[in-house]
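In the two complexes that follow, subunit A is the common piece, with subunit B as its partner first and subunit C second.
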Partner chain A sequence: MKRYQSIQLVFILLGSLVLLFILAPLLGMFLKTSPQSLFETAKDKEVTGSIWLTIWTSMAATSLFAVAAIPLAYLLARKKFPLKKLVTGIIDLPIVIPHSAAGIAILGFVSRDTVMGKIGSAIGLNFIGNPAGIAIAMAFVSIPYLINAARDGFAGVPERIEKAALTLGATPARVFFTISLPLAWRNVVSGLILMFARGMSEFGAVIVVAYHPMITPVLIYERFGAFGLKYARPVSVLFILISLALFIMLRWLAKERNSEVAK
Partner chain B sequence: MLELRNISKQFSDFCLKDVSFSVEQGDYFILLGESGAGKSMLLETIAGLVHPESGTVIMEGNDITHHKIQNRGIGLVFQDHAVFPHMTVYENIAYSLHGRKLNNEGKKEKIHQIAEQLSISGLLDRRPSTLSGGELQRVALARTLIQRPKILLLDEPLASLDSRIKSDLRSQLRKIHRQGQTILHVTHDYEEALSLGNRIAVIQDGSVIQEGTPEEVFRNPKSEFIAHFVGVRNFFKARLTGERNNSVAIIDNTVSVRLLSPDTGTEGFILIRGEDIILSNNSFDSSATNNFEGTITEIIPGVRGIDVVVDAGITLHSLITAESLAHLELTEGKKIWLHFKATAVRFIAA
Partner chain C sequence: MMKKYFLLFITALISICMFGQHKNNAILGDLIIYHAGSLSVPFKEIAAEFNKLYPDVKILLESAGSVASARKITDLNRPCDIMASSDYGVIDNMLIPKYADWNIKFVSNELSIVYQEKSRLAGQINSKNWYELLMKKEVAFGRADPNADPCGYRTVISFQLAENFYKKPGLAKMISDKDQNYIRPKEVDLLALLESGSIDYIFIYRSVAIQHNLKYLALPDEINLKSMDFAAQYATAAIEINGKEPGKKETVKGEPMVYGVTMLRDAPNKPAAIAFLQFLLARDKGMKIMEKNGQPSVLPMVSKNYDKLPKELKPFAKQEK
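This part shows the complex of A and B:
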């Protein structure tokens, strides 16, 4: 018994160090920021505009790409096809690629003299230095999270149940929307939240594609470079607080919704 | 009504080889075989969930081998019922009514009707996670039967249930059959086969090795496998009379066998294991209430012992050791006495 307890203590100690590692810098930053400077920053139009931009571009990126990502996740969960391992590897690429390199890749893909850029110009959309470009960069780095979470969700739906639905006269489309998706919903929502969060926090890829308009991660960096730590802190704290509030709310909503579905 | 011709398909663990049989309208057809012999895959092939490599599935004269699942008019109930966990019982049953030209009132009526039939009216608002195995199986039946399928496919429907619920569900299935539903029922339990089926096909290693009525298959098993599978060679259609636990089974209106059975006044089958029949050269008094005199017609050595076939008005098989055979000096044509206890006789209601 004694032995068991001592290893538990070691684990608890190590775990606490990890938690401290995460919390200490954040707490330190919060403590060093006066409520007054925070309040003034909240009134700064450039800051609030930037935060809003960050939120809506990530939301748009997530919603738009979810339409194609979720079906892909379903295929990955259900179908066997040649080169499946390759496809799985490709999906994970954005996670391992350095973010600024990803930005360079995207830039080369959507700048005005490329196919994408030309299509964009035709419909009056310019990707560089534009929220559209921001959304693309955000989506690029965060889509693996959605695909993998959704795939796990679909894989967890027993195929028997889908087969039963087919024998009851449902078309494959109806089976997907009434059976597969609802039963995988918890994982899909988790994936969506994750993708949204990851998009919102992206810096490297976005700054290459669109320095302006500035999303908050870029704004923080600029203020730090131009004016120093003290000036960059309030924006950081504000952004972190808003992000946290947003995610707690989203997770809470997801839990509410999921308990309805699961009941 | 349903005909399978030379269905073959290779799976990772097993294969189906040239499976052919036909089910007539109104049949209760049993597909009997060991677990994993490919029976479930056969049902999925009939339903259209998988396509065979070769062979045809014919329904009412039409080749439906490659028809869409949704157009076949076939209902399938899986072994683990596969009831939708995120819907209520009502919604589960209503699922197949989607898109039909029925208004809500019409749908409601149909649902309540089928729920009544399967005794699950009180469960309509419940969620599957709150139901027992037997209730879930009935929900699965309800949602399948509401489509009025031409043929109902059952994949080991009684496998995961305990005995009391099993017999309830068995009566339920009999009721459904009597109302005119054609059923194809897959199982590894020969008692289920006897109790419910009017035709049986036995599958071994992916092929049909015998087909016929229960009596034909079990009385004259074409292979050691079937005989072993059933485990009994003494198998007779009989009528049960007498009182509870003091019954007499009458075979062919001539031969009486005493047994202990809680059932009375019904038709069914009696089974006696060969090992339970004792042979003797002379008659003797004992606790065995069933005693017959007969003549040995055949002596067949086998894997499990020596099968001594005796004509005693009915044909009885006794399984003895080689030593006993020598000791009693048994030969074909010799007169012999057979004894077995009432408790050695099993009765299965049909």
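This part shows the complex of A and C:
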């Protein structure tokens, strides 16, 4: 009994240290920001516009790419195919590529003279310096999180349940939408939130593709360069608080949905 | 037995003394230099040559916009020995007097239009028609952000000078309004856009074109901010950029572009910094490399705080009369 208790204490201690590691720099920043500067920043239309832009472009990027990423995750969880390990490695690449390099790669992919660029021009869309380009840069660096989380979720759904449904006459599509996806839902939502969050914080890849309109990470950098820490900090604090509220709300909504499924 | 220990002791004592002597006179250690993006290529060369003379100095070069570099010193309290800015004004306004005491103006540059073989209309562009060609729909050009980078505000000033020089009213506004999605914070970010083919032309320093083997179109001296002879003409143009706080604005007048360099008052490695500056500013050493890279020397120029210059560096500046 005594041994069991002491390992719990060790875990609690280590866990607290990790939490402190995350909280301490943030708290330091919060404490250095006066409530008045925070209030004034919240009134600044450039700041609120930028935060809104960051949220909706990342949300759009996540939603759009989820349509293709979740099926890919399902395939990775269920099927064996040659070079599967290579594919898994490729999916992890965007995480490790230095952000500026990713931005330059994307630039080469969507600029005027490329296939993507020409398609864009045909519908009047120029990716450079445009929310569409921002969304692509955000998606590129964050999609691995969604694919990996969703894949783990699907891998956790017992195949025999799916097979049972098939033997009872359900189509594979019905099996996917009524059994696999709901049972993997918690992991998929985690992946969606991670992809959304990671996209929101991207700077290096986005700034190469689009400086204007400014997403908040770029705005903070510009404010710091032009006006100094004093004016960059309130923007950071505001952004962090709004993001925190957003993620708590998203996870709470996901839990609600999950408990419905469990019924 | 005693004799052995005695000999050992004497040897140790002598070594320590020699080592101490060596340390006092030697130039060594880390040397931190914050510099403008456009100085990246020449400074890397100069650092390599400097290391041939002083191999024990580890030179740490950090490139950033001139204002961002100053902020690293003033706001982030990051240690720095030398700061070299593409606009001497950044040092005068942001670092003197709290962080530095003096400023040496050392090289100039000129604004030009840089492009590649594959740029649209590359075969036709010249110093008489560039403003018409750039306004065409299929041509895209980029420039630096005036609020973040001296190259940015210099570009807009040269648009105004062009309006007067070519006698085309409204020219400055027309060009500034076009292709704003290709504005980037630092002039060297534009290179990525140009080299990837996303844009055809960029407004950037001639030295950068030379260093990156790109084609460039020389603009008339009346508008390229190169020459002291046209200082009065340059001063007829002005631009408003972000001031010290969000919402506040500052006016910047046109003037010949001059780069400044200083040693920070709290420089962690003053001996190496002075040695580096002596090397950089020497006509046959650092300055020769700068000229080779497309940046002519302007030494010596009047320095406002001439009296505060270290004696080793006084030969590189002139006193204000």
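Heads up, the rule we're going with is that the second predicted complex is superposed on the first by the 243 of 263 C-alpha atoms of A that agree within 3 Å, B and C clash if a C-alpha of one lies under 4 Å from a C-alpha of the other, contacts with A are read in each partner's own complex, and residues count from 1 in each chain.
In this section, a residue touches a chain if its C-beta (ideal position, glycine included) is under 8 Å from a C-beta of that chain, and two chains touch if they have at least 3 such contacts.
From a predicted model like this one, the values you see are computed outputs, not experimental measurements.
Peer 1: Return fit or clash for subunit B versus subunit C, each positioned on subunit A through the superposition.
Peer 2: Superposition check on subunit A shows subunit B and subunit C fit without a clash.
Peer 1: Please indicate which partner A:107 is in contact with in the superposed arrangement: first for subunit B, second for subunit C, both, or neither.
Peer 2: A:107: touches subunit C, not subunit B.
Peer 1: Mind telling me which of the two, subunit B or subunit C, contacts the most residues of subunit A?
Peer 2: After superposing on chain A, more of subunit A is contacted by C.
Peer 1: Is A:85 touching the first partner subunit B, the second partner subunit C, both, or neither of them?
Peer 2: After superposition on chain A, A:85 lies in contact with neither partner.
Peer 1: Is A:43 in contact with subunit B, with subunit C, with both, or with neither (first, second, both, neither)?
Peer 2: In the superposition, A:43 touches no partner, neither subunit B nor subunit C.
Peer 1: With both complexes superposed on chain A, which partner does A:174 reach: first (subunit B), second (subunit C), both or neither?
Peer 2: First partner only.
Peer 1: Contact-wise, after the overlay, does A:229 reach subunit B, subunit C, both or neither (first, second, both, neither)?
Peer 2: A:229 sits against subunit C, while subunit B stays out of touch.
Peer 1: Which holds for A:207: it touches subunit B only (first), subunit C only (second), both, or neither?
Peer 2: After superposition on chain A, A:207 lies in contact with subunit C alone.
Peer 1: Between subunit B and subunit C, what opening angle does the Cα centre of subunit A see in the overlaid model, nearest 10 degrees?
Peer 2: The vertex angle at subunit A equals 150 degrees.
Peer 1: Just to confirm the geometry: in the superposition, how small does the C-alpha gap between subunit B and subunit C get, in angstrom?
Peer 2: 50
Peer 1: Contact residues on subunit A for subunit B in the complex?
Peer 2: 158, 160-161, 163-171, 174, 178-179, 182-183, 261-263
Peer 1: With touch defined as at the start, can you tell me which subunit B residues reach subunit A in the complex?
Peer 2: 44, 47, 49, 69-70, 74-76, 78, 80, 82, 84-86, 95-96, 98-99, 127, 140, 143-144, 147
Peer 1: In the complex of these two chains, what residues of subunit A are touching subunit C?
Peer 2: 44, 46, 103-104, 107-108, 111-113, 126, 128-130, 207-208, 210-212, 221-231
Peer 1: State the interface residues of subunit C toward subunit A in the complex, per the touch definition above.
Peer 2: Where subunit C meets subunit A, its residues are 65, 67-68, 71, 74-76, 140, 145, 147-148, 180-185, 189, 192-193, 196-198, 242, 244-246.
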